[in-house]
């Protein structure tokens, strides 16, 4: 490890907290195996993205201020195992609070020390080989906000390539949206469902027995679709794969 | 703009179940997106050109008053006439008066999205004129009494059989005329050619207008844009006020990326640059052909509202249609579902921008915010930012459904209170694990049923990450 | 207040509220990064142009003398059973000795000047519509796209390259440019010499019906470019 970072704080995201606790533990495991101390501010909740995307910006601001207060307790870099929530905190907090006399500067400060999990591993720590092992054929789905919001393009691939026993399969349309879109999946469920079907077709055509991504929100949507189809294909967050040694 | 009683959701439903449309959308959007990708990949300076094109558009819009004045002066210097229309009604009146005063009976039109905005055809027809669309796709749409469903490919929603049936009904086509697509095209050419020869007035739009020279530029593949602006003695060009570039050199930059972004072509077949009417000396024509009069109608029709707002960046748009093709939502629902002249991501900003959020507030919601539109936009317009802005205006105006408003209020109160948040989480988890089937739901109640209409829903974990952290680490 | 003043004032009142990312007060000036076409060696311009135009279903010939040019034109006319042409005027034909050679070959050049009177204009257009071949020169051609550039003006009408189903253009080889921006940079008269500057890249085409490529929907369905020294 080439940086002087000793401690990080984890912003686990509400979905991992409530639905995928194992993924959160995997992230902690991986970071600790790299010699880092992981802090977890217990007061954290949700970053507020659903309210922001729905247009309820005053509510989103309130949640952003709350989260900034929570994260400002420590100076440690903030690790988020989600491109989407990462994009929210890194980019949208700054815009939302730009005219807030008390929070503009803290929003900026939090933004500059926040990293999406795989970006932190590869770009900051310079680590790609975590000595992980797995078996099976894996297809990678690139979630949009990580990809286009944070430039998360090569990092997950580089990490997956180093996992012993894993055979990468090309996912056609890997960088196309899965149709999740947060509340969109409920509000315009028929369109969301139609986009999802194309993604599922591509996943099934890829020959993979496992789909991996960096955002549990999209993965939850994809997994629900695969399950509805009766498919045996597994869906995992990248941390779940990287943790296995 | 006319608003039908059919809701957005009903149109979406219809589009999603239209097999023909689904096949057409698959083929066309795939072909256009891969074409675009290949064309730009083959141009080493593509990214730098896009940056430069964005700078040109940004600078132009920021000084639109100055460049419009310069453009108008330039047009008048070469013998063209400029008209200024604040509203659709004014624009229609200007064109109708021009036509009536010159005894116009037959009008040919080449593709113009602005004219769709104005409903100009109805106005002219009400004044006793025959108006014929001449772009093949637009002509087919006109014969069918439909609206175009794509900026670049107006009737991608139709099969050749649909078109054959239409030609049989409307043009008395014979079996020989309908043998294959080239024969059908030849029939349309014959019918439309006689319209061109008899036309008194040609109406065109403009892809670009050049301030320094007073030129307008029209790109077409078929050549109807050239015929419309050449055979009739009167040419009227409708110009959305934002379509300017300062110099001819700037036009060159735009042309290097327009066709590549739109269809994946290196260039359209015809790049037609018109500067004034047929030249004269002492009242006598010195050019063999071309229209004797050129009128350019500069149209606002809501654009200045957009200009004075956070949506102004959408005026950088060069109407290539790349964002439609790349949009996962457009790929599923096609153009008609938007019920507007401007469709897809750009339309979801322009339409409420021009006509207001009520009743157009569903359009900005029809996006996953995936950002593909911004990625492919030749001038890198941040469309998601403006969709979000429109969503926030929608929320402020109270236009969202009650369940959403109530749900978000509860959610906000919970999020800033970790006690409530965790207690609520535990309750939900406990309750849902009692009723879930193997940890999944096949059916959720109320508005959430939208989710389970298409996919299973995972029940929350028995113990959240926070609980486990507390139990395992904070002892 | 005039319509124009009212219109422009409205914009001026709105502009201060406009959110215009990356708008610079100064015009961004010229784009300096053209590399793709600018790198084509002059010797390769003909090959590249030919290749691009062929890809668009246009055909390229080479001819050294006016006799050779006429021979090619005659072949094309024969293919269509035609003896008449719409052409650019004698100011353009004469220096190329084409009037004599074409006439000698039995080819009639039809006057294509449109009258100003509306009714006469329609009659003339209807007559011209029967002619199968149009003949023009060109002010340039673009190697990167296969397009030819035509500037209208006295004796240089638009109809010859537009109305007939066949278009033949004669182009001196030294008028090849790498790209459209290069052509514009070299032809400042392009928008002042006449009312129309047109770039033509192959025959007219459409894909509007089921995206099936079809040639000659409105403009010429065949395009021949004869390169001369």
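So that you can tell them apart, the chains are marked A, B and C in the order they are listed, and the count of residues begins at 1 in each.
Throughout what follows, contacts are C-beta pairs under 8 Å (C-beta built on N, C-alpha and C of every residue); 3 or more make two chains touch, one makes a residue touch a chain.
No experiment lies behind these values; they were computed from the predicted model shown.
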Contact tally winner between B-C and A-B is B-C
Relative to chain A, the most remote chain by C-alpha centroid is chain C
Between chain A and chain C, the Cα-mean centres are separated in Å by 54
Expressed in whole Å, how far the mean CA point of chain B lies from that of chain C is 29
Note: chain B sits from chain A at a C-alpha centroid distance in Å of 33
Where chain B touches two or more other chains at once, the residues are none
Among all residues of chain C, those touching at least two other chains are none
Per the touch rule, the chain B residues reaching chain A in their complex are 9, 12-13, 16, 328-329, 331-333, 365-372, 374-375, 388, 390-396, 400, 404, 408-409, 411-412, 414-416, 418, 421, 425, 428-429, 440, 447-448, 450-451, 453-458, 460-461, 463-470, 473-474
Residue positions on chain A within touch of chain B in the complex are 12, 16-22, 24-25, 40, 42-46, 48, 50-57, 59, 62-63, 66, 144-145, 147-149, 176-177, 179-196, 198, 220-221, 223-225, 227-228
So, in the complex, the side of chain C touching chain B is made of residues 3-4, 6-8, 10-28, 30-31, 33-36, 52, 56, 89, 112-114, 116, 118, 121-122, 125-126, 129, 142, 144-145, 147, 152-159, 162-163, 179-181, 184-185, 190-192, 194-212, 214-220
As the complex stands, chain B meets chain C at residues 24, 27-28, 31, 42-45, 48-49, 52, 54-56, 58-59, 61-65, 68-69, 72, 78, 82-84, 86, 103, 134-137, 140, 153-156, 158-160, 163, 181-182, 184-186, 188-189, 192-193, 196-198, 200, 210, 213, 215, 221-224, 226-227, 230-231, 233, 241, 246-249, 251-253, 255-256, 266-279, 285-290, 292, 294, 298, 300, 304-305, 307-313, 382
